[in-house]
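Look at the two complexes coming up: subunit A is in both, with subunit B in one and subunit C in the other.
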Partner chain A sequence: MDLLLQLLVNGFINGCHYALLGVGFGLIFATTQVVHFAYGPIYALTAYIAWYTATALGAPLWLAVLIAAAAAAVIGPVTYLGVYRPFQRRQSSDLVILIASLGLLIVIENLIGILFGAGSRVIEGVNFSVFLWGPVVFTGVHVWQVASLAVIGGALFLFLRYTRFGKAILAMTDNPEMARIVGIDTRRVSIAVFAIGSAVAAAPAVLVLLKDSATPHMGFHAVFMAFVAVVIGGIGSLRGAVLGGMLLGLAEGVGLWGIPTEWQSSIAFIVLFVVILLRPQGLLGQRT
Partner chain B sequence: MDYILYILIMMSLYAILATSFNLLIGYGGLFALSHAAFYAFGAYATAILTTQLGWPFPLPMIAGIAFSAGVGALVALPALRVSGVYLVIVTLALQIIVVQVLNNGGTLTGGTDGITGVPALGIGSLVLDSPGAFLPVAAAFAAVCFWVAYRLAHSPFGRSLRAMRENESAAQAAGKNLVYMKLVVFAFAAGLAAVAGSLFAHYFQYVGPQSFTIEETIYILAMVIIGGTGNLWGSVAGAFLLVILPELLNFLALPSEVADKARLLIYGLLLIVILRFRPQGLFGEKASTGHVLAGEDQAVEPGVTLATLQDDAATVVGRALHKSFGGVVAVADFDIELHSGRVTGLIGPNGAGKTTAFNMLTGFLKPDRGTIEFNGRDVTGLKPHRIVHEGMARSFQDLRLFRRMTVLENVLVSLPRQSGDRVWAVYLRPGLIRREERDNIARAMGVLQFVGLADKANELAEDLSYAEEKLLVIARLLATGAEVLLFDEPLSGLDPNTLQALLPTIRKLAEHGKTVCIIEHNLDVIKGVCDVVFFLDEGHAMAVGTPEELMSDPELAARYFK
Partner chain C sequence: MKSLSIALSLCLGVVLGSAHAAEPKDPDVINVGAILAMTGKADWYGKVMSHGAQLAVDEINQKGGIDGIKLKLVIEDHKGGIAKEAVAGMNRLINLHNVQALLTSFTPSTLAIAPIADEKGVFMINGGGVSQAMVGASKYLFHNRSLSTDLGRAAVSRAHEMGLSRMAQFAWKTDAGENIVKVVEPYWKDLGGSVTATEYMETNATNIDTQVAKIRASNPDFVALWMFSPDPGIAMKRIRQFGMDVPVIGVEYTPDVQKIGGKYMEGYQFVADYFKPTEDNEWGQHFSAAYKKRYGEAPEFYAANYYEGVYVIAEAMRRARAKGGDWYHGEKIAAALRDDPTVPTVYGGDMTFSKSGVAQKPVALFQVKDGEAVFQKYVKAQ
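Take a look at the complex of A and B:
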């Protein structure tokens, strides 16, 4: 019973991590229709930038996080303007853009490898307090992972719901054609969405760097889980992305009760297959 | 020297992988990112069966092909339900699971270490353990695989595949069985990839999970895209290019770990650049069959088979049809009869349920209640392609042309009863298919002449003017040879001259014994061609009668005719 409780807490913490990744990816996907595979390596690059500013430049951790997030907020829109937008302007099919984003994934991932080397990078000397909560153990990083979802997710929700610009984003998510007709500058909104979506991923990136390490290949798993979370939750629904990510984390966590560790990541796929089979539009998605 | 042989062998393997992947994505339009998994099945089947059971060549290869093709057919099942990004994510997941199984497979797969000691390819006492001896075998297998893929791609089946890629529902409306086509193309692509895998195992005498990751799938994808989707020669060129290009890096004195990443970086960049500036790839898609020279004197037969006028029994009878979508009733208790030799009109305001009625009659929607009989047979709930085979075909209001296919191909796809749509015939009855194809081209040209598009036969459908597109829609429907023809707004948006020219065509179809039903808003058209008109509103048939009767009804006049 104690074990199950611990697995549930671990699952919830990982779920928060996936949920935040899913929110950033899902926001970009829902608004611009770009399946942004390069989201993964940009997330990895963000972790490396934080590592570099914190170690080589000796910046304090909070500053490193801010610089990493700012860098992501620049790199994201650059990929949009440099790669995706030219395709959209030419009205290339979504799949063409998807292939281009796979190409970009390969390019950035290997660029990281060339710039920072293939090994993993860690920040030494950061210690987190350990909390004991009955039989359950967790650390300060875990608390941050949960808190980052609450704070960033909450802020994003308020921004989208209550600001003029946020409403413009939601309008475009709903119907890009109509958004253009009513005078929303869809180019500006797309740029903003790429900036916000990429910056959102900076928090989980740095937390993984602190918890484990940064590796050049960490991005693929991240974008894949974000993608799965979005599909499970329902494309176009940010609440769905949170729900999907949470479900993935919990399923993976609780799955360990009966399944050996090395098969853990297969659990996510089983959830994916079941959802697509039973409810292809996703849990909170609308049937088209 | 061995180095050059190595490159040539890798070219052979990747030529197989790229051409087979192209069948799936370029021809079938099925974006399944699991090709490296099929590659792995072939490699591991050979490695396991040779090292653990001592099977002699070619049995492990055959087993690998069978296993891979079987799994491929299984992957086709989700592809029946989902498409686009959903298929991408499902197959991506499959790809990752397969690598995980290889990594965790214990003694069977050798885990992360893989399987060493796979015997070199050998038949009896002849062992091909040098690159020089292996190359001819690899090249020969590549040639055979290319032939298998080419044959399929350039058959009527391949043409139907491209039609499915362009528009699934229109392919169904042309009588194509999507389930069969997806199963076949997945099985072929997977089976061929397994051949490359088996060769890989024999050549390196080792297999390991790191050779079959998602990166490998993207690598093969890049070859297909760079070479050109829908062109198998392009895939061979793409494979050659992406095998050679990175090797050139060896001449730069880069540290080895950088060189490896630079290789990947280059192909990633190349992929983006090609998509951006030459999206059709190095080799564009070509019309695969039925290329006729414009102006060539074709022996033209009348495009429409003439039937004798039947007695007045109804050919199609719909009874109490009902359909609602999430509580919104689209069609309610709708009775309809279509008679041969008559043109029946369906009119009514937008959202009245006219197209829904068509969708039910032709199997695109299953009615919630009610029955549909066709020549006395119950056809309720049959799949669309089956209903086309029975002899009832339809067109779509939004055209749904096969845009990146020629005008002639659009019509050829729609011709009924093609032996070349069956895979066994593609390989076993080439003579029959060639003869049929010759006749079919003549028939298709006849249909095109009938609608006045013969001089556009070799143009791509996407290059036609709007009026020509509408004509092609009619031609495609006529080509099905169906007894019952359902037209969904065939004439809307046409200029008056074209319209006047086409009206007699539709009348003529009925006079030749066809059963014609037409959705139309233009009252002149209705008066001009229809014998009977059903007026629909809010899913009900409000009135039935001759056009004159309906138009003189004061209530309808107020609500609709104005």
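Take a look at the complex of A and C:
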């Protein structure tokens, strides 16, 4: 029973991590229809920028996180304007844009290796408290992983729900053509969601840097889990991305209660297959 | 008719005899290949291995090369053991550089290129990869490092010596990790021990909390880490954060492991190959001094193994060349080493390659104290 409790808590924490990734990735995907796989290496890049700012430049950690998020908010729109937008203007197929995103993924991954070196990077001397809650153990980084979803996810929810620009994003998410017809500047909205979605990646990336380390290839797993969370939750639904991420984390944690951990990487696929089979539009997605 | 046969036999004998004594057919330059992890999470290995190998090549060239033929080191990158990268690198080495002997590293990449080595007849020496699965993977493959299964058995022998009996294993979900589990588990049970948990992690896993939670729930006397750099650092950190203070014994420790594990590495014990340039080891001392002078740091055993690996290749080539004829082929270089499997080792004295191609070397037990690996004693790799 103690183990099950621990696995539930682990699953919940990982679920929060995946959910936040899903929110950032899903916001871009739902609004622009771009399957932005380069979101993964941008996530990795933010970890490296934070690492560089905190170690080489000696900035405090909070400032390093802000600089990393700001850098991501610039890099995201650059990828949109430099790569995806030209294809969209030529009315290239979704497949072409998908291939472009995969190419961009490889380019940015290699760029990280060239700029920062290919090895693992850690910020030394940063220690987090360890909390004992009955038989359950968690660390300060885990608390931050949960808190970052609550704060960033909550702020994003309020922004989308109660601001004019947020409503424009939601309108475009709902129907891009109609949004354009009613006078929404979809190009501007697309740039904004690439900025916001990419900046969101900074928090989970820096927390993984602090928890373990940063590596140039850390983004692949992240974008894969974000993608699965979005598909499970339902494309176009940010609440769905949160739900998908949580479900994924809990399935990964609790699922390994009874089965060997060597199956860990297969669990995301199993959940994905089951959801696609039973509810192809995702848990909170609309059937089209 | 009989005299004609005798005359023909004599002629044939003269021809064969002269062929046997033919001048060696030499290449202009000998390209020694190396397929290493030059980029990726494990690029530290590529750095130190290539440093060791390059130093050996330069030293041999300064001394006149192999009977006057200069060596050139050609490095390909398998990006941390990625099989397809290793295969592409191997093909480039053979087709573009006519490489007949190479240094290989990492288990998955070595296993991937082994069939090509067999097909093309390329001599290979591994000083880094540790999986038992590599033994016999190619008839031209030799190893100048202790295999992980030997290290694993030495590690649990240490646990037995400490009076521990309940082992939890935490292993890489790779050939290297799985092979240690397969070989060590029955050995540990023969010693009277039991296994409380066997958990696996992917090599690039960012989340191992579930595995550590299951290990903790199994209540072991000690945890054995069957994984390699930098993951012992992540595992050790998480094991301690989860409140487990039992001994942890592994088979790997590198600066990257220490950097990631930080203060949590304290007390970690590990069994590993160990290069120590003792006073009675003149070659080892020379290597250590030359390496320090060139690279500004003391060599560890990976650098030593790849330095030594180049010398093994050079010695095998000299022996093959001494037989004359068209000697510059991997199979002939391998045959020359098999005919006389004893060569000098930078660890001191000579080492002899067994029929399986593995050279027995001394392994040592270490314990991390104040962020440094402190030598405890030499232990026998079983």
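One rule holds for everything that comes next: the second predicted complex is superposed on the first by the 288 of 288 C-alpha atoms of A that agree within 3 Å, B and C clash if a C-alpha of one lies under 4 Å from a C-alpha of the other, contacts with A are read in each partner's own complex, and residues count from 1 in each chain.
In this section, contacts are C-beta pairs under 8 Å (C-beta built on N, C-alpha and C of every residue); 3 or more make two chains touch, one makes a residue touch a chain.
Predicted model only: the values in this text are computed from it and were never measured.
Three-chain overlay on subunit A, with subunit B and subunit C in a clash. In the superposition on chain A, contact is made by A:Asp212 with subunit C only, not with subunit B.
With both structures placed on the common chain, the touch criterion links A:Glu262 to subunit B and to subunit C. Once the two complexes are laid over each other on the shared chain, residue contacts for A:Asp2 go to subunit C alone; subunit B is not touched.
Of the two partner chains placed by the overlay, only subunit B lies in contact with A:Leu111; subunit C stays clear of it. With both structures placed on the common chain, the touch criterion links A:Asp94 to subunit B but leaves subunit C unconnected. In the superposition on chain A, A:Asn14 makes contact with subunit C only, while subunit B stays out of contact range.
Of the two partner chains placed by the overlay, only subunit C lies in contact with A:Leu132; subunit B stays clear of it.
Of the two partner chains placed by the overlay, only subunit B lies in contact with A:Ile276; subunit C stays clear of it. Only one of the stretches 93-101, 201-209 or 399-407 belonging to subunit B overlaps subunit C in the superposed arrangement, and that stretch is 201-209.
In the superposition on chain A, the residues of subunit A contacted by subunit B and by subunit C overlap at 113, 117-118, 262, 265. Considering their complex, residues 2-3, 6-7, 10-11, 13-14, 113, 117-120, 122, 124-125, 127, 130, 132, 137, 139, 208, 211-213, 215-218, 221-222, 252-253, 256, 260-262, 264-265 of subunit A touch subunit C. Contacts from subunit B toward subunit A in the complex involve residues 31, 78, 81-82, 84-86, 88-90, 92-94, 96-97, 100, 103-104, 214-215, 218, 221-222, 225, 257-258, 261-262, 264-265, 267-269, 271-272, 275-276, 279, 326. Subunit C makes touch with subunit A in their complex at residues 39-44, 173, 198-202, 204-207, 209-211, 213-214, 216-217, 230, 234, 237, 241-243, 256, 259-260, 262-263. On subunit A, the positions that touch subunit B within their shared complex are 35, 83, 86-87, 92, 94-96, 98-100, 102-107, 109-111, 113-114, 117-118, 220, 224, 227-228, 231, 235, 262-263, 265-266, 268-269, 272-273, 276-277, 280, 287.
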